[in-house]
């Protein structure tokens, strides 16, 4: 009797677990949607939800995405866990294609890197003559600077600019802080610590209302500050099982008239941030 | 989907993932913990050491290991479980099982020796002995389950890595709080946090009620 | 059940507790084992009920040694019952505790409830059937433990100082229950006690256990009136009396 009632509890528990697992498994059936890996910066601009909705309306293809660091996004492609990647790190993209993980590359749009910092601007970035010059002024003043230090497109650009100014970022003192995080988190930190940082204008304008202690200090269309976005379908030869046709359709739509006009019209808090420059071999 | 619909879906998935993980972990951990708790000191010492080391296993590390396992490039790739709720459950089972096992083992081993002797003298066989001891330790075992569930519902690193926080698929309360903070949507984040606490409060009050009945 | 103990030796590490016990207990008798604390009485009972394994010696139950196979061994164990000095009751009420042994033996309803109710009634515990075990008084708890032990009708009942902590009323009730159980079932009872008066009241024969050895065995009136061994005389005349 007592042992029978114990047995009843165990049976109830097993049934509950089986039902729960069945529901979970049902929700985990192999996906029918196209899965993209992109960066947190891209997510933070807010471009993706409306743009992907438009794509689905036009083609009937559903797209979902994971938003991670640039490195992890490309790695997801290398592992075959996603069907297409959208990043903004041309050097790393070239490696991705060369290693046969990427099938082809379509350039779709660019936005601009900007330098933001405390409104007081003690380093005088507002008066800089070029982007490297702006960073040189920050260095001269030893003003606090937040670096993403995460091998993202933004981070790679930042290091290139220090080099262009003739400075070695590896030798910087404690004024140079590494956040190892995405653009949004880095901006939050810069806001809290009244520091300078390099950001893409998409994330900046998306977050501007929440960053009261920061101001836009260097915002020019220097070609060196171009943040180029591309979309790369994952190579089905190397990763069989990826939804290659749909990925190609996606890449083509983005450089086609519908995609490009959407990108050009997209505004963040009243600012148009993306310049469509669709071209490529997909 | 409306905002309310989103929150509902996220909350439901949090509950499903944490609940399923806790149920599965309980079914694995309680029998093993009971058997190990009944063994005399010494013979289970190595197992006990391994177990206590697993307490210190960071959930993110468990998440990373499960990620490497489930990735298309990994050994279980063909199962296509990465970025799915079932993958998240697997990661959480890895995290929660040692906790429930360890506490169960602990409470079972501290059940008075005389309980075993008395049941033995009344003619219990090995299975009946285990059930009797487990029954005496029931309140403690329920505590183990509550602690395990707490770990599961509040976990964020592993479910982020293995789930990918994909909209409409693998977004839960904790991962959404992370992305909200990254986008400075603090109000939304706090609201989700409150929902999470309410969820936990409801579950715990149910479990407490059951536990009250198991007190001597 | 008859019990035959031969040359039983039990040590705990370096400490020898039982130093060669020889005893023959006849079926149906109430056999008291008396002696001071630490003499080895509890150890002997625990050896008989398979809780301890002796170093050397043998125990025969109805002439046969312990079976090696698990199923017959459990069957033998289920013919033996024990009531210890401080009862350990399981989580639950009195009825749950009393019916425990019946559940172990897969007794079904309605027989289970009937036998449980009868056992509780015999110990005057019917009103307390639904009372939680943890709130019972010492006497009530011991009566539940006794009912729990005898409801399964063991052929051999081991009582280890089972009324040592109780008030005279409860001692009375429990001694009456022992007598009645022995009379109605013919079961063998081994009564470990350091209370000479209880031994006199209940037992047919008495053995004196001193420092791990049986000093003397005798029938009840003679053991007390005419002990053969001087140590026995010292014991019964009052040096160790309760």
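For clarity, chains are labelled A, B and C in written order, and residue numbers in each chain start from 1.
Here is the rule we go by: a contact is a pair of C-beta atoms (placed from the backbone, for glycine too) under 8 Å apart; a residue touches a chain by one contact, two chains touch by 3 or more.
Fair warning: this is a prediction, and the values are worked out from it, not measured in the lab.
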Farthest from subunit B by Cα centre, which chain is it? Let me know. C
Per-chain CA centroid nearest to the all-protein CA mean: B
Using mean CA coordinates as chain centres, what's the subunit B-subunit C distance in Å? 46
With chain centres taken as the means of their Cα atoms, state the distance from subunit A to subunit C in Å. 79
Need the CA-centroid distance for the pair subunit A / subunit B, whole Å please. 33
Spell out, as numbers or ranges, the residues of subunit C touching 2 or more other chains. 100
Subunit B residues counted as touching two or more neighbouring chains: 128, 135
Multi-chain contacts in subunit A: which residues touch at least two other chains? 2-3
Using the touch rule from the top, collect the residues of subunit B that touch subunit C in their complex. 112, 114-115, 117-125, 128, 132, 135-136, 138, 214-216
Which residues, counting only subunit C, touch subunit A once they are in their complex? 96, 99-100, 102-103, 108-109, 112
For subunit C, which residues count as touching subunit B in their complex? 49-51, 70, 74, 77-78, 80-82, 84, 88, 90-91, 100-101, 104-105, 132-134, 148-149, 152
Mind pulling up the subunit A residues that touch subunit C in the complex? 1-3
What part of subunit B is in contact with subunit A in the complex they form? 13, 16-17, 19-20, 23-24, 26-27, 71-74, 77, 80-87, 89, 128, 131, 134-135, 164-169, 179, 181-184
